[in-house]
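Next come two complexes, and both contain chain A; in the first it sits with chain B, in the second with chain C.
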Partner chain A sequence: MSNTEMTNTENNPVLSIENYSLDYETANGPFHALKTIDLSINRGEILGLVGESGSGKTSLAWSIMRYLPKNAREPGGRILLGGDNLLDKSERQMEAIRGRRISMVFQDPSTSLNPTLSLGTQLAEVLMRHRGLSRQQAWKEGEERLAHVGLKTPAQMMHRMPHEASGGEKQRVVIASAFACNPECIIFDEPTTALDVITSRQILDLFVELQAETGVASLYISHDLALVARTAGRVAVIKRGDIVEQGTVREIFTNPQQDYTRELINAVPDPAHRLVKDDVAVTDKPLVKVENVSVHFGRKSFLAALTGKKTERVTGNNAISLSVNPGEILGIVGESGSGKSTLAKAMTGLNRFEGKIWFDGREIRNLGDMDNAYRKDVQIIFQHPDASLNPRQKIFEILSRPLKLFGDGSDLEKQVGDMLEQVRLPRTHANRYPHQLSGGEKQRVAIARAFASKPKLVICDEITSALDVSVQASVVELLLDLQKASGTAYLFITHDLNLIRQIAHRIAVMYRGDLIEVVKAEEIDSPDRADYTRRLIEAVPRAAAQFQ
Partner chain B sequence: MTEFLKRLLKTPQGAIGTFLVVLVLAIVVFGPMLAPYDPEKLSPLARYKGPSLMYWLGTDQYGRDIFSRLLIGARATVVMAVLATIAGTLIGALIGTASAFLGGRADELIMRTIDAVMSIPSLLFALLVVNLLGSSTVNALVAVAIAFAPGMARITRSVALSVRKQDYVNAAIARGESSAYIIRREMLPNVIAPIIVEMTIRVSFAVMLFATLSFLGLGAQPPAAEWGLMVSEARRYMHMSAGILIWPSVAIAIVAVGFNLLGDGLRDALNPRT
Partner chain C sequence: MIVYTLFVVSLIVFAITQILPADAAVMMLGENATPEALDALRQTMGLDAPIWQQYFSWLWHVVQGDLGTSLRTGQPVGPAMFEALGRSLLLALFSIGLMLVLAIPLGIIAAIRRGKIADMVVSLVSYAGVALPEFVTATIAVLVFADWMKWLPPTGYVPLTEDFFGGIAHLVLPVCVISIILIAHVSRMVRSELVDVLHTDYIRAARLKGMSRGHVLRRHALRNALLPTITIVALDVGYLLGGVIVVEEIFAIPGIGRQLIVAIQARDLPAIQAGVLIMAATYSIVNFIADILYAWLDKRIQYD
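Let's look at the complex of A and B:
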């Protein structure tokens, strides 16, 4: 079916990759990053390229841009842009092609823009370089371009520095400069991953709009199947450098041919499919009660204290009150900077706070009240397992510390082994260093460490967001099994609304340090919800629902 | 370990640096055994001799064999420099890591004190310490160690500050570990790599600082075969035979260059991204 479609739209694809392979020379012999890739994108088409981290998505993008590291080798194949083989081009010829005929939008706008140049200078530079405009012409054209990508005050925006614009505004500028020379093909490398839910929805809408208007051939790289389903017409699934399956979005979702594709689709969280039973008794005596907890950042400077000058402090949390029942999973959602992690840090004694925390009937007013017993009962798991496990300690040492602090500390070898088995890792992993484990395995070790002291409350701070979808699904499954076995309550912080709707009993929504509301998970999409909650729910793509 | 050595020897700086340092260390260990003459044996008839088959590097103003004196003096010069650097590094690393961990006012207090100490040039500072304690080899070692500590504390602190933000330190605080444990077991092992690099480079400074102190008569005392002292004593007889002055200076230069290059090589080898 896809063949007939292709011939109908246009005979010559804008970008076609034929039989292309890429190797990296490493100390341990060549590493095959891409294996005989065949892809083509027609005018006006969006091709989604989906794969997990390390699958070679970004390598492919850089091969097309002809910007490869020195140890890259290309055993064969062709990359044709409008019929010209890019592999034959010299570096100088490529410089004229990049930005003019093919351009790229990166993941994080805060790193892809130069922080020392104004946004206007960076946009005008592209226009001057590739369209031969004078400075004034380029500046004027730049303003028009910015207005075109939906920025309200383009003239002022041109003069602003990158740090004076929000993430969404910066990404709009990047998109404007990618479209600036009307290229034939644009590569989008996870353009919304670094943005907030609502902002990324707006950027996505803008992208679809511009794409339809200009008819540029787009390669949309993402790890998020749900996102690709919203934008792309065709999808290619890549696994370890191999394109395993290609087809229209509908084909891929309704009738996947490969096991790997099926796995990927099943791993995408679907809020309609709840993973927990709603059997938590709401009691008068919750396990934790957070009462009017506020967190402020910044310390009074010595000079200000002397002169009695008032200092403006940044508010991280603004009088938050919520409670967690024994054995309950309470989800906390919100955009970045909404104070989710700040609250978690206050509850584990990493931030000073004002207000009260009641834990198991005990009152905690400040960090000094958090004694050994409290720390034993409240454990935290962090987002990045790379950062939360000390790279210079073996797994055995990492896991034996909580046993020594909170447990009996006898027969550590057996206990550490048991802990590893509990999180479904082999006992022999105790002798390894963190860098010898995969991301998912590392997060399992972090989970094992949190459960070592048999806590009553575990705070999970975005623990799945650094992991691939399939790994994420298995980590969530492990957490739910542990919860069933131990009856531990979770405070589950995430920005993934689909996931939290699957696993939480209640969901707390936060916005800019304030708690908006706490609602039952199955009632979060009811129309009675607060305005912000409704916008959040609307912004999240739901892949499966689209095709059922 | 073998892979690490391979990485170190792959760069020219690393290879040359390693070669020179191994050579110097071999002289430190085996020098006294290899020396053809007694370094303190005077021979009034063979003064100011140039290099010859009998005296490879010639003789000095008292007719002592310069080659033998260099071989034996290596121990005093290089071992002292290495010991002083290690002592200074340990003090500095502990202060820097603790300062980064404590943060806030305590960090401010420690670092401003260190700034004040650092504003005195290290040679002047070492001179001050030696003058207060009296001139001897051990006191010179203490002086150099103290002079080095503030600089090391600064470097360690900047590395430790980034380690301090890592979640494994947060995790340790959240489970109620003691400050001593966090500094010693969680933070120090992770700041060690840049410290080792800085330490190797500083060994060469220490050699030169020791030589300067001895040259000024505040370190080793005659008739010791310390290299700096040899240069100092040779100064007055320079016009009789240039070799007396040149050979110990060359020896000092080789050690300094060797450790400097090794430091550069280690910096590349310890950084997996190069």
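Let's look at the complex of A and C:
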């Protein structure tokens, strides 16, 4: 790019969206996905676009990329890239623009890369397509690009298949291809959501570094305000297809104009703001004591058993020992694959385990010891309510099952209604099917089901991670109220450190199947903590801390 | 694994022939044989031994390549069966070849023109193909192309080594009849796989990198869409072995299907055992090859 062009683009926004609307034709008439959007991004700027799921964030990205489904209608507006209206471009012209002048980084690198092509092939094809390089040139250039995004062995990485690289490495390759042709604008669509805490921090740092170096105008889409606060200069808040508020990060955080924005900010978990009292006495008689529990995966195949061949077993949990006191909330944190859920499954009898579990003075050695009384006392809530609620049963059937199993089963109608009220759902929801409920409502039903047997311990396995921030806040509030009322202990598994620091009494940190340490929640950021715990804490952005 | 499968198959085959209401001794000596003569024959053939002994002695011979002696002809079963298998495989190979040449392009066209006329025509033809059993299509084909048009010979088999063009002419109708159902099946499979693949994130990602539609189809979509097709084709070999029996009978081709039918009609136990075992072995081997091929093409899969 020559100098004169540089100054030209300096004055005008690189990307400007003017008065743009988008409708989807549906059987029930048009659905207004985007309503008269006005946005602009200058060179060297990062604009954060924040909103809940279904607010139209991703629709806007598809509009800019001109990759819309057939039922999309555009009643008006313009999308200008360096002064060219993209709405006027033919598909063929757009093909030459995509990847060269505007590119995109996607949410999940494990699905956005073709599983049957090597990473190098997928990077080199961009260079061949847009820069006219030969295969050899593109491959060489690709290696340089990979080195530039911080991959240690770029030549090797080029030859690897996607499944041979880690999530972070794959996302670096995707980022390298987005930056490959020095585009004017890049759209980042939740680029770290699918990655674990420490990796996502590294990817974020890489993004900030490359952005500063190239000065590319960036649209950073996220549902996580804390994340956007760390990266973006300006933030636009989108609600049901409408930009309700726009301003610098500082303005938005210190002086939000809209209630909606305020709600979003308040919903972001802030570890400084503890939601529970530290009044749980650590007793000699804990409710649950997990003693040297190990879980191994992989069973001997028939043939291996015959021939006596040794099979390699994968360790899910390695001699875990911890305890939960009555009425305590014990958080378990760790990145994906650290064995958090494996432990939860072992404790509910969904995984075979070695070792001992003491529950309320009883010794549990294997699945056979987990009788009805144990199952009544230990309940689990899963991450995805869509998967854990039977889609063909009405809420009434779903909730009356534990009542019949563990309760007296009398006057089900009233009991189910009471349960729904307890989780702040209308009694009439009993007649609905799960798909007629929103994600947050479904998770409330799952919570009601877990509490139906009046358990002593509820295991919450990432129960808020599929929910929006504001919904998450209300579900957490509900859980804490239920806990106050019933004195149930929670084993709260999450990867959201800020959230767990708000609500847990103690936090257990896990890493690759090992328990690193169990510490009091307010002491988790002390410098005496284990190396890994410190790295975790450092990796997590805290939104409010910067502005308060 | 494949050895294990064949072992189980041999057990089942042997068990089935034991259940059949046929006494080998009666078959050989005829209905009017004296009980003493029958007993003597049973003794020499080892038929009075316990069943498991009979099984292992049979299995031992099979492993050594001796499939037994036909009760009907008194000749060894093995050579005749393998010769017939060769003719059937020739028929099957031509059918699969024709199917691949037609089904894959048809499936691709249907997938990328989804909902358009081309898609509907392909769908309609495939439904018709799946719905019509081969004895119907075969009869129609013979009637039209052999009887009315007189383009092709109606039945019979001529070895390619004897008369190449004559042999091909005799194969055209049976090959077409067998491939119709395969084409219908596989083209629908290719279509639905490709439609799924075209909706994946990585296809969208490739399009958003500026790759053209054609490039994305060739480089990104086809390989992923055709992988499951390998499995389907291998499974179809099972159908093919069954379909071949009917088609060989109609077109009078002395393949393994026809041999088997003759053996069943004559209650020729060793021949039935050999025929079924050979067919099962063919099926297992084809699926084994398909698994290997799949793993070779899809690097994510590894076999120990």
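Here is the rule we use: the second predicted complex is superposed on the first by the 538 of 548 C-alpha atoms of A that agree within 3 Å, B and C clash if a C-alpha of one lies under 4 Å from a C-alpha of the other, contacts with A are read in each partner's own complex, and residues count from 1 in each chain.
Here is the rule we use: a residue touches a chain if its C-beta (ideal position, glycine included) is under 8 Å from a C-beta of that chain, and two chains touch if they have at least 3 such contacts.
Predicted model only: the values in this text are computed from it and were never measured.
Asks: I'd like to know which partner A:Val509 touches here: chain B for first, chain C for second, both or neither.
Replies: Neither chain B nor chain C is touched by A:Val509.
Asks: Looking at the overlay, does A:Ser388 come into contact with chain B only (first), chain C only (second), both, or neither?
Replies: first
Asks: Quick one: classify A:Ser177 as touching chain B (first), chain C (second), both or neither.
Replies: second
Asks: Quick one: is A:Glu125 in contact with chain B, with chain C, with both, or with neither? Answer first, second, both or neither.
Replies: It touches chain C, and chain B stays clear.
Asks: Given the touch rule stated above, what does A:Ile380 touch, chain B (first), chain C (second), both, or neither?
Replies: After superposition on chain A, A:Ile380 lies in contact with chain B alone.
Asks: Touching A:Gly349, do we find chain B (first), chain C (second), both, or neither?
Replies: In the superposition, A:Gly349 touches chain B alone.
Asks: Contact-wise, after the overlay, does A:Ala96 reach chain B, chain C, both or neither (first, second, both, neither)?
Replies: second
Asks: Sort out for me which residues of chain A touch chain C in the complex.
Replies: 65, 67, 95-100, 103-104, 106, 108, 111-117, 122, 125-126, 129-130, 161, 163, 174, 177, 303
Asks: Give the list of chain C residues in touch with chain A in this complex.
Replies: It comes out as residues 1, 4, 200-212, 215, 219-220, 223-224, 227, 297-300.
Asks: Any idea which chain B residues touch chain A in the complex?
Replies: Listed in rising order, the residues of chain B that touch chain A are 104, 166-168, 170-177, 185-186, 189-190.
Asks: Which part of chain A faces chain B closely enough to touch in the complex?
Replies: 299, 345, 348-350, 370, 372, 375, 379-380, 382-384, 387-393, 401-402, 405-406, 449, 453
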